[in-house]
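Each of the next two complexes has subunit A plus one other chain: subunit B in the first, subunit C in the second.
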Partner chain A sequence: MDFLAYFGDVFTPINFGLLLIGTIGGLLLGATPGLSPTMAVALLIPFTFKLEPAQGLILLGAAYTSTVAGGAVSAILLKIPGAPANIATTLDGHTMAKKGQGARALQLSFLASAVGGVFGVLLLIFLTPVLAQWALAFGPSHLFWLAILGVTVIGTLDSSSVVKGLLSGCIGLWLATVGFDDIMGAQRFIFHDAVSGGINVIPALIGLFAIPQVIGMFAKGRRSLDAEILTVERHPISMAFGEVFSRLRALSIGTITGSVIGLIPGVGGQIAGLVAYDQSKKMSPERDKFGTGHSEGVIAAESANNAMVGPSLVPLLTLSIPGSPTAAVLLGGLLIHGIFPGSDLFDNHPDVAWTFINSMLIGQILMCIFGLYIAGLAARVAQVPNAVMAAVVLGLAVFGSYSVQHSMGDVYVMATLGTGMYFLERFGFSAAPLVLGLILGPIAEANFVQGSMIANATSSIGSYFFTGPLNLVLIAIVVASVGYSVWQELRHRRLSAQEKVMAKKDAIT
Partner chain B sequence: MKNLIASAAIALTALAGGALADENYPERPIMLMVSYGAGGATDFQARIVTMTAGNEDALGMPIAIINKPGAGGRVGWNWFAGQAESDGYTLGAYNVPHFIAQSIEGGVSYAADSFEPIANWGADPAVFVVAADSEFNSMNDVVDYAAANPGKLTFSGAGLFVGHHIAALQLEKAAGVKLAYIPNDKGGAGAMKAVIAGEVLGGVNNLSDAFRAREAGNVKILGVFDLERNDFLPDVPTLKEQGFDIDNSSVNFRGVMVPKGTPQPIIDKLAAVVPTMFANGRVASKMKAGGSPMHIMTRDEVIEMWKAREVALKELLAGL
Partner chain C sequence: MTDLPRTQHIVASGLVAAVGVSVAYVSFTREPAAAFLFPRIISTVFVVLALLTFGKALLGKTRVGTGLDREAMINIAPGLAVSLIFVFWAAHALGFYTASTIAFFVLLSLYDPAPHGELKSWIKRILITAGFLVVMYGLFARLLSVFTPREIFF
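Moving on to the complex of A and B:
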């Protein structure tokens, strides 16, 4: 119960002030497309040079938690996921916003984020030693199967048909091979300087989601100026509370999936939201409503991506291994004050460790309060006329892509992929599976190459990838996931065939 | 005619302005390109050693870090050699032997002479680590195992053609054994995780990261790939002490450089000021606190070091 002893430290005037600044600043940074949590934390590091270690970490921890949640704002209102963690939020969140329910979507997302986030931090507080072992259990072969599991999600994610979903996933997997390969350094498909470093996920994300919309808005032009202005429904917070807690299935699936996946070094945050979304869709009796502005979709995705925050720090705090890029930046924030994560942190600087963890707990709640406060105001974005909106979104897209690596090359990549996506969307393909392919490709490839190198040196590829309980469990989940998709597709075809027959009969009679 | 005079006048003012700009350099904030991601050891150290740049006794202007990560640093250095402005406002961080080894291997658009070194701030030797519960207690144990099981001793490192890989090649050559080097796609941190989790039997890693992992009780450090023992690890013998003929070719030197074509007065000014900026007491204390070994070298010393490395690496990599 060490953490209770240091709760008071969070509420000293300076610490609490920093917590507020970090939370509000984080929400704003997170809502800006392109400013991912990693970048927001990196931007704040210089400010912590002059602060005490605990104070610096409070600022960084608060910023981390609230940027992850803040990403939902642009995902819902503009359909630009601020970071890969928010991709799944666009699927139902933005559809809700388009119906004038932006306020409701934002409230649900902040409440779900807080529930997931608090659960994740509690796991960090109580189960850290157990979780550390779990995080280490995932070697190359397991990460490879996990990435394959992610690939099986592609087919059923937000597409009219499994085949089109898989096709766009394949385009993503192919795009992921562009650039230097991470292990061997071989050059692949480098036809222009802009892609010599491969296709960066964030500019691709912004382009694929934002540009088709911008083109769509420009194409509509001023034709229907009156019709396009939505009435934004007001939505009382108490109702949002009721709704979040009545969707217990989505909330718990999101929270648990997010915590478990967040723990795995190197995979975590990017796919937690998507996997949780997919799982709660498969287990929901109302699965047909997903993608049409269904509240379960928002709740599952957002509770998952904040639940991952706490566990993602376990490898860093216990083993001194940063499990995610953001954790790596936080490591710098600790080292600069001469504090080494691991036993040194908890034995010799318990005040720093626990004040930091406690502040993330309080930060989740502050984030939720401010989020709910701005939800009503932010939802008015939907009332901005299309012509203005298109210009603003285009500006944000260029700014966001450029700021990732200060490179115009990324802006070209963003614009090219976005334009291509506009045409693909007209044929019924969608962006989410494509991005998932782009994210999972390198994970699957690098771990397969590493795994097979280890396997060739020690045993054989067959026994390395296909034996061991964790491998078998993951393979079983992959098979189940594929089987389920096939069954769904077959059933869907049979149903639509029956509908056609019925429709014909109706037409005849 | 009028046009000609006008353009001549413009050219003249531009020239005069240029000369003046060199004298007043720097007049605006400077950017330092780091070819690794935020949070990595190079990024972390670059942020510390440049934090006093804005002081009056240093450059008088702050230095901002720009990260261009990818492909073991190749992306950033390609950009630096080909696209960076050579006006003195774009500095780059170098990692030797990485970029020299990559330029020897080929496939990149830079070579050692594409850049002008300014000063060196740190030297991070490679060390050999094994998990805390490993049966290996010295480098001889490791080599004996490798001799008995050729090609079966798996050990991790940050990638191909980086310091860790060079150290691995040196070990193979000096000990006359065949090893299985497993490059990691997540750099030193990923390679360290592979050791601690028992995915591989051992690993080559940065001294600073290994020191931290040992403090946390996760690894044993069996040897240092350097000429002398390190102040952070006085109890760990060098590979040479343990009977392997291995020099400091794999030591990761970090420092600041500018693209070729930067005006000489600016290079001279930077070469004079930057080493004193690194020597600042606050910088030294932060670096020590973070477990990062410092090693300040002037421009002339770095030029010599680059040359020596290039010769040594060409010889080592020729056999690949």
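Moving on to the complex of A and C:
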């Protein structure tokens, strides 16, 4: 119950003010199609340099929580999901809005998000300290395999091609080795002065997540957003309250599915929302109503995508392994303040850890309150033209990257990585494993070198890294995630081939 | 798969494979060997996966990634050119605020769907650009005290 001791810290004027700014700003950014939660959090990192570590994390955590929920506004009112996590919400949410029940859909969405979100953060509160203590038993070989596991799982599960996902992870691991070697001081891959000190993670994150979206907006040309904003009629909040809690099946399916999926590294909110929607539909006696503006669809999808937020931080705060791209960005926010996650965080900086986690709990409630009131404004923000959005994000990316170390080299790295990533994404490569590789690369290498030294002194490298129950379990998970993804890819390919044959037969007959 | 995406896939995966081979070459030829031990392991996996991707692209078996169509390329070109000039030259040569204001206005003019022939839409663009400058200056110069290159202008 350590967390209770730090609850008051959330309510100091500065901390609470930052929580409000992060929540309201996140809701508006989340509602803007094309601005992903990860990008929003990455662009906010430079604003945390001057803040205390806990304050910086409060701002980033609030933005993460509310961008996921804010995406429901444009999903419901514009039929454009603000983030991939809100795809399932459009299925019933927009249909409800078209029937003149936009306010009801928004209220159900924010209330369900708050219930799912609070449950997810409670899971984070009770699981994290236990796992952090357990992580103390991890040696260099285990930490090496954990880092490889982080890259592999995201590379395989988060990508549409296993080979390209793993290749993206390899590129990230290689980029992490650029600069001077920590032990021998040898120069490695320094092909330009801008990278003589290595690749700084923050400009790299900003570039990899923001610039592809800027170029993506350029690709749409002078096209205007032709989506029509549906009007929001008044709807009593008490009725929405009653309805959310009367749909307990959908609410619990969404909350539990989201929490479990959040704990699995690499599986994001998009999957959580879609799986919860699908399961809720299968288990509902009113399954025929799904897709026609049924409240259970909105409740299941939104409770799931916010329930995954808290658990997605468990691997980060316990093992220093970010389970998602947004968690990777939050890790960047921790590292710039010299704080390393894991048991060190809870033993030496409990004020930072618990104030941050508690703020996420309060943030869920604030997100619900403000979400209900600023949904109309958020929908207007969602209609900001691409031209303005692209130019603003580019400006923030340049200024933000420069402000990290007052170095033009960082700006060049940001622009080069971002431009390269846009083109790589067009060919099936993915930013998430690349970022994980870049962040986990130093952890993997440091533990590999340390493990090799121990192995040379005691046994052989092979037996040190490939024997022992924990090593074997971690290796088995790496192999299983690759194997499962390959099997899924082959199955998907076979099914689409069968569908093509059937379509051809139909065309002939 | 049509010819355009297929050629694009070959070029893209060929470039990635070339980077992989270069990384492997540097890793296996540079000394001290201990400093390059981890890069050697990474680059070996990198090369294997990159050649696999390149081989699939050559055989036309790439199934993921749509490539870029002509319309997207034409749309991207001016914006990307302005952005790269801004980042790699103008930001340092003209000063951050001047360069970002010019880049913002040019990008807005290029991609804003409002008609170019109306005075009203130009006034709107100028006002939005001025608002952007004020916000960026307030956030970075005042709030975060970031001293950006000012050079010949503001």
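Please note the rule applied: the second predicted complex is superposed on the first by the 269 of 509 C-alpha atoms of A that agree within 3 Å, B and C clash if a C-alpha of one lies under 4 Å from a C-alpha of the other, contacts with A are read in each partner's own complex, and residues count from 1 in each chain.
Here is the rule we go by: contacts are C-beta pairs under 8 Å (C-beta built on N, C-alpha and C of every residue); 3 or more make two chains touch, one makes a residue touch a chain.
All values derive from a computational prediction rather than experimental measurement.
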{"item": "Partner chain in contact with A:F427 - subunit B first, subunit C second, else both or neither", "value": "second"}
{"item": "First, second, both or neither for A:F346, with subunit B first and subunit C second", "value": "neither"}
{"item": "Touched partner set for A:S407, first subunit B, second subunit C, both or neither", "value": "first"}
{"item": "Partner chain in contact with A:P46 - subunit B first, subunit C second, else both or neither", "value": "both"}
{"item": "Contacts of A:K220 with subunit B and subunit C, given as first, second, both or neither", "value": "second"}
{"item": "First (subunit B), second (subunit C), both or neither touched by A:F7", "value": "neither"}
{"item": "First (subunit B), second (subunit C), both or neither touched by A:M184", "value": "both"}
{"item": "First, second, both or neither for A:L394, with subunit B first and subunit C second", "value": "second"}
{"item": "Footprint overlap on subunit A, comparing subunit B with subunit C", "value": "46, 49, 181, 183-184, 406"}
{"item": "Subunit C-facing residues of subunit A, complex", "value": "46-47, 49-50, 160-161, 163-164, 166-167, 170-171, 173-174, 177, 181, 183-184, 186, 188-189, 214-215, 217-224, 385-388, 390-392, 394-396, 398-399, 402-403, 406, 408, 411-412, 414-415, 419, 423-429, 444-445, 448-449, 452, 493"}
{"item": "Footprint of subunit B on subunit A - complex, ascending", "value": "38-39, 42, 45-46, 49, 136-140, 179-185, 187, 193, 196-198, 265-266, 315, 319-322, 325-332, 335-338, 340-344, 405-407, 442, 446, 450, 453-454, 456-458"}
{"item": "Sites on subunit C touched by subunit A in the complex", "value": "8-9, 12-13, 16, 19-20, 23, 26, 30-32, 34-39, 42-43, 45-46, 49-50, 52-53, 56, 62-68, 71-72, 74-76, 78-80, 83-84, 86-88, 91-92, 96, 100, 103-104, 107-108, 110-113, 128, 132, 136, 139-140, 143-149"}
{"item": "List of subunit B residues in touch with subunit A within their complex", "value": "37-40, 43-44, 47-48, 51, 66-72, 74-75, 78-79, 82-83, 102, 105, 107, 151-154, 159-161, 180, 182-186, 189-190, 192-194, 196-200, 212-213, 215-218, 286, 288-291"}
